[in-house]
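The chains carry the letters A, B, C, D, E, F, G and H, assigned in the order they are written, with residues numbered from 1 in each.
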């Protein structure tokens, strides 16, 4: 419900077209649909620029199918993240329009195309091969949100020439997402090479004192490079959603 | 040294104008100035869009004065963060053009104006009064980097109407910086209200299990709102530097 | 053994009706039943207002069945929490009066009805769908303890209007239980909206730096709202038991 | 702004007594006062049952004086917590009606009396002498909020008879606040003895692996007694605010 | 190799009965047997009062069988702790004299009886039923080391009368081992009731902030009772080994 | 109140010498003295074998003086630990019989001598010179509790021959207290050399990842030597109190 | 690309043999092979002294086979670490020249022999039998890198004579790798006995507060012995790679 | 006492030149000097290649002076680390031959020159100006131990060209010590550039989630570069001592 809607409503009240009780009701009646165990927010697109994404983790397959198909009924693009294969099969059985990407465990239903409002490219950079599931979650999400996406994989800091050899691609991007596990040093190096926003995604890749990505996260938070911001461990989706906002920010204030 | 510089150099080598030995030397001779204990990077402005900022913490007053005055000699805008009052006095004695802001402990020398490339406004939001030093570090930094800045302070989630009453200002901003300590919940709420990038800054405000800002940081990293990215605890400077890149991103890819 | 019992005993000693040795024995003989590996506390109802609840976790199915059926033999309402399905089957085989709720993994045997001493309603609020197992453990426990219970699910802070639209239900409750994972911000918002006690339950829902619910817990402990108290991660039962005491507290000091 | 206010406003709009623009304005104009660095919430009393309490920690003396005197101007009871002596002196200089309690570092200005709505007694129990500052913060806060308060100090579990000898006082209380540092075991014991809500306050009393109260906090969160809820380390104020809500809960749903 | 052995060796060297080279060899040749992957210490009995115990965790079944049977070949009592059932079957196949206790996952071969040097009783106390695997590891180990052992189970602090009713048994013990998970408060209470050494064993029983026994461990380390010492989480064996030394300490300095 | 006292009381009730009301009163009237902020436990000597020790940390000098002089009034030996010099001066001003040891910050008043019930020697071993304050707290406490004490200092594992050269003294001790910071490896080595109980005291000596003694504590808890038990970081007093119980344990069960 | 290569390239530019554009291209074209998901660095041998090692963890079997066989195609020695058996089978199916060691989960293909540049011996010492997988990873890696290797296993500090009896072997080594879990004390003892570099490898062997090797790691980082350096938990490969550099360092600066 | 000494001793025993009792005595009499609170190890030079270094932290000035002057009496080079200025003044008063370096807080007395056995150069690299105290502790220690030392300061990864411009110096070094705070990424980059051992020293430089150097430490432990080993936070001394062993390792096995 936008400010315009509110003005219209109040005008209707004033004109006597809308009784006070009804206005009260509508002011309370928010634009979501209540499934009992979930409240689907159909207007999130208006508010946040993209439809509700379903986080598959922690939900039963039945819940995922119910929510995702309800969203799909609106014709919008629907994204389900962190979806185990069995749940993906249930989802595809209910709506074959969902495609499933096993590496990032992500289901995507391409619906009403999101206006390609991002004029620049989002570049997804990853440090190692084991970071690919997270990098792909970011890349696919950014694409689904209407951004041109490029990939630059396996350019970790231990072999710096692999990154330095691609400096031009770094410079051409509007926003850079850097995905790295272990010591998480890559965003610091990238942040020093470009003057674009760098969204750092720590991954749980590593062992021992990597502590499931904590080492990489701390490395990124303590970066000596400026312009680097961070999201949660393995949160490829979150990085793409934020990068998408940054990319879109170009059009108008 | 940009790509153009490199091309020119190679052309000079080919033309015989530059001996191989000299070219080798210049390829190695990077554009920084070596003070012995510090290497001042005069070309960072070209590369990252803003001159080197001096982190005052951990440096002796003598080192700070030496570095800051050397940078100022180039006429550029110079920012010194986390500067204790005694060091600020030493700096102002050496160069009275530095102004000192005691709350955020920040010294600023306004030099060659940074082109106001950011066309949108950066809105700095803070949860409580105790978060002001960090919020002001962010606001002053963003201003020094050439961005229009607005402030919206003391709108924490325990009194939600204070924030909801300012929804319009939230919507008008190009980038929102949200500064919060304690449970750090404010960025989640703001991230759900706007469709712009939200840079969350956890502060060390709190006690007990706040663990010096760790609780706020974890809250922000685990946000259920999308579009929220995070920087280090109390890192108002870093948030502004990143927001500035996002804001600038508007002009050209 | 209440104060009255003690007085009676001492009077019997004085009257010579009870030898000193027997009195000693009875003073030591506490009202519990020793199964060898467990001491069942049949008087806990008198002392704490509700019979012993069996925590299923960490006990073998054999131990659970032995304890639960022994408690059931007294005719009281019996609750078994954190019960895996196989143990639930063993329990139902031993006593078919136990009903099993798989989502919260809770078995309930409705026995001598607990006096519905709570005059107000306990409202169970949850942030997301994945928090339901914990929310249901709380709701079912509160019901079993004789409280009227309402549910308000999936109203997390990223879509604030879903919560604000239900403000009336929040205000009508006597005690509010708020269940949330990830950043755990919901109790802060609820605590600012109502003037009733808010019992916050962090859940282990989340990933990466959620650290199994630690982020949510810290968020709740550091809440800037007053009136919020916290229980252990995923402890729906504990929240309901405490809320039940608060609700009962209404009758008499 | 209550529901009644909202109804009246809408009726005025309908009657043409209030232009739409003004209604919009008032819907946005929330009842707080903006000091620039702070937004004073004068209606919190209506909403949460008690005026805004000023957390002294992290604020400059100037800020504290400005906020506290502004609140006092409304005639209400004002509480300032975690106030260092020098700030207390500044506050008393500005308004001599503030009394200062050095042990809990708390300033109190007794204004319009809060209706003594709590019909039961809040009992504040502490484990050791070093826990007194926190216990007194709780006790004074609870009193200021209109509750009858009793104190039972230095009854830690290493000398259990000190507690058991006061069982009657435990039973008479409507709500029990238990303050303990070190291993934080006292709430578990108290929770097993009474059937009232027990609000546990871990304190930072201890050394080594007490980790500033973390050990006590974990002990309380993992209590095997039911009916125990927890607040942040050293948060005597928060415990009293919550206990006050529980105590008030007695009158009407 | 005792001091006497050393004297004898040196005397033999002096008498010319032992060449220097041989003496060198023997001084280096320590009394252990090298299996390649393990060095069995047959003289540990002399040095530490009990034969080497095999920690089953982290060893392959083949390694366990090889070490345990080699130790058994000396006729001594052999204890294998933390032995999974499949490894236990392999061990029993190799030497049927090993009995296996599935709850504590412990295998015991009763060999040359250990002299029952402990004159007092070791009392093993546990807080809850889920602590039994650890409590039984302690009890069986203490018995195998020649101590009279008593058990007092399920006497956690939430129902204090269960413990207080057994005060006499507490007082009769020479050493008390207290096994508890969750908040780990029981050793503090026991330490305040008796004047004997109390060996506290935290268990990993619990969930959420129990952090696998860390909460219980911290509770025990921060005990306000004196005379309490602590071992590693779930280390029933270690507690019994230490208690056994304390019990034996009675005979002679 | 011992079992004998209870029997006498009940007999008096039976004989009619004691009215029931008085008996009730006395059963509740436990043997402690209430100073308001502290409850002095004069019978702890009976129960735990040593008078109440005052932990100076966290108490005001006034509280310390009040408690310590009240205990001294009974003529017993009084120990005040973790006493800062200014508080020590206040204590000595109130009662010159208190001697103060600045290194371990401990005040001792030698009163009614504690029966030297420990027949063996307690040996206090320290790893480095910086561990001395804790080692001396342990040694002085053990002496005050009536044990013969020996000291063996600066024998850390990096120069093993310093320890091995004193093997005889290790063997002669009845109980060994090992005090070590940094990696805390010394108790493992000592535990492998002797067959007596080893009480390990981690100290906060170290830097960086020593984390205030946490590294040493973890090292000691994870010892591969048996017979080692652990107390809190820097808890020299606790180690001595426990060792004293172990030493005393020799006389009778 | 070495300095010589660069000189040659520039000379060719000068001579007009290489157009500027081509030089630009070659300066950017780094010597790696791009598989899309991985960039194989064939020149790492030149730069770091040993071909790229494949970390099996986190990679799919398909990725491992693709990378490892591509490296093998160059004829070089190839090492794949942390390889689960199923992936090992896939690798051996693709190239039977790979041998698989199940204990350290390591696959090795002996190719062009690495010049045995290490003139000294690398001694791998382990504390316990459960540390063998890590110790063997270190030993096999060091051998594959061309170093003479010796093994000294199961010489933990609880039975010090096992280590002291092998002092000669310790002294003969050029570099010592010490592998230990639990308290991780062994490197401190070894570091005090020899004057060679000691590379300490903490293992995740242990339970409870071992925290997956953290206790051992902290012990090693806080060693009071000098000359000890540390690698990540369970990182036998890393220890061997570093030791190999130390051993090679002997030939020429 | 070397093997040769032992052989000589045994030969003397055989020849009857040394009575058994005396031999026993000498075998126990280790070469250290007992100051009561410290045992000075005069033979550490023989064993570890360098005299005992005094860690100033945690010792009283009196203790430091006593130990350091006792060591100096042997004429050897003496190093005192982490020495506060007041203690340094006391030391210089006692022995003016000590020079004091305030930045690294290190006192050095140049005595019998250590043979310059290291044939290569140790290069000390630091990331930022604030890391200098630790870098200088490393450089001065390495020099005092007889190594040629070079310094390369302020070459952090955010401005990579500063490091790449000095690649030749990196390649010339025999051992590289890399000192870095914040995210600690520099050793990963250096480890990928050279084939020499890299000793990484995390510093406590940073704020917020740097957690006193923990972030840098974790980054270094999780390095994706091989050949990197790590020492404790701020342990410049330890890095130099280890690097010195690596450098010396060149001469003979």
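Basically, contacts are C-beta pairs under 8 Å (C-beta built on N, C-alpha and C of every residue); 3 or more make two chains touch, one makes a residue touch a chain.
None of the values given here were measured: they were computed from a predicted structure.
A.B. asks: Spell out the chains that contact chain A while also contacting chain G.
C.D. replies: B, H
A.B. asks: Tell me, please, which of E-F, A-C or A-B gives a repeat of the A-G interface, judged by over half of the contact pairs matching in residue number.
C.D. replies: More than half of the contact pairs of A-G reappear in A-C.
A.B. asks: Taking mean CA positions as centres, which chain lies farthest from chain B?
C.D. replies: E
A.B. asks: Need the most distant chain from chain G, centre defined as the mean of C-alpha atoms.
C.D. replies: D
A.B. asks: Where the CA atoms of chain B average out and where those of chain F average out, how many Å apart are those spots?
C.D. replies: Computed value for the inter-centroid distance: 53 Å.
A.B. asks: At what distance in angstrom does the C-alpha mean of chain F lie from that of chain C?
C.D. replies: Spacing between the chain centres: roughly 40 Å.
A.B. asks: CA centre of chain E versus CA centre of chain G: separation in Å?
C.D. replies: Here chain E and chain G have centroids separated by 38 Å.
A.B. asks: Which residues does chain B have that touch at least 2 chains other than itself?
C.D. replies: Correct list: 128, 159, 168, 192-193, 208-210, 214, 217, 221-222, 226, 232-233.
A.B. asks: Under the stated touch criterion, can you name all the chain pairs that qualify?
C.D. replies: Listed in label order, the chain pairs in contact are A-B, A-C, A-D, A-G, A-H, B-C, B-D, B-G, B-H, C-D, C-E, C-F, D-E, D-F, E-F, E-G, E-H, F-G, F-H, G-H.
A.B. asks: Inside the complex, what are the residues of chain E that reach chain H?
C.D. replies: The touching residues are 6-7, 10-11, 13-14, 16, 20, 23-24, 27.
A.B. asks: Any idea which chain B residues touch chain D in the complex?
C.D. replies: Touching chain D from chain B are residues 128-130, 132, 153-155, 159, 161-162, 164-165, 167-168, 181, 205, 207-210.
A.B. asks: Touching residues of chain B toward chain C in the complex: what are they?
C.D. replies: The touching residues are 127-128, 156-160, 182-185, 188-189, 191-193, 206, 208-211, 214-216, 218-226.
A.B. asks: Can you name the residues of chain G that touch chain A in the complex?
C.D. replies: Against chain A, chain G makes touches at 1, 28-32, 36-39, 41, 44, 55, 57-59, 63, 67, 82, 202, 204, 212-214, 217, 232-235.
A.B. asks: So in the complex, the part of chain A that touches chain B is made up of which residues?
C.D. replies: The contact residues of chain A facing chain B are 3, 47-50, 53, 119-121, 168, 172, 174-175, 192-199, 217, 221-222, 226-233, 237-239, 241-242, 244-251, 253.
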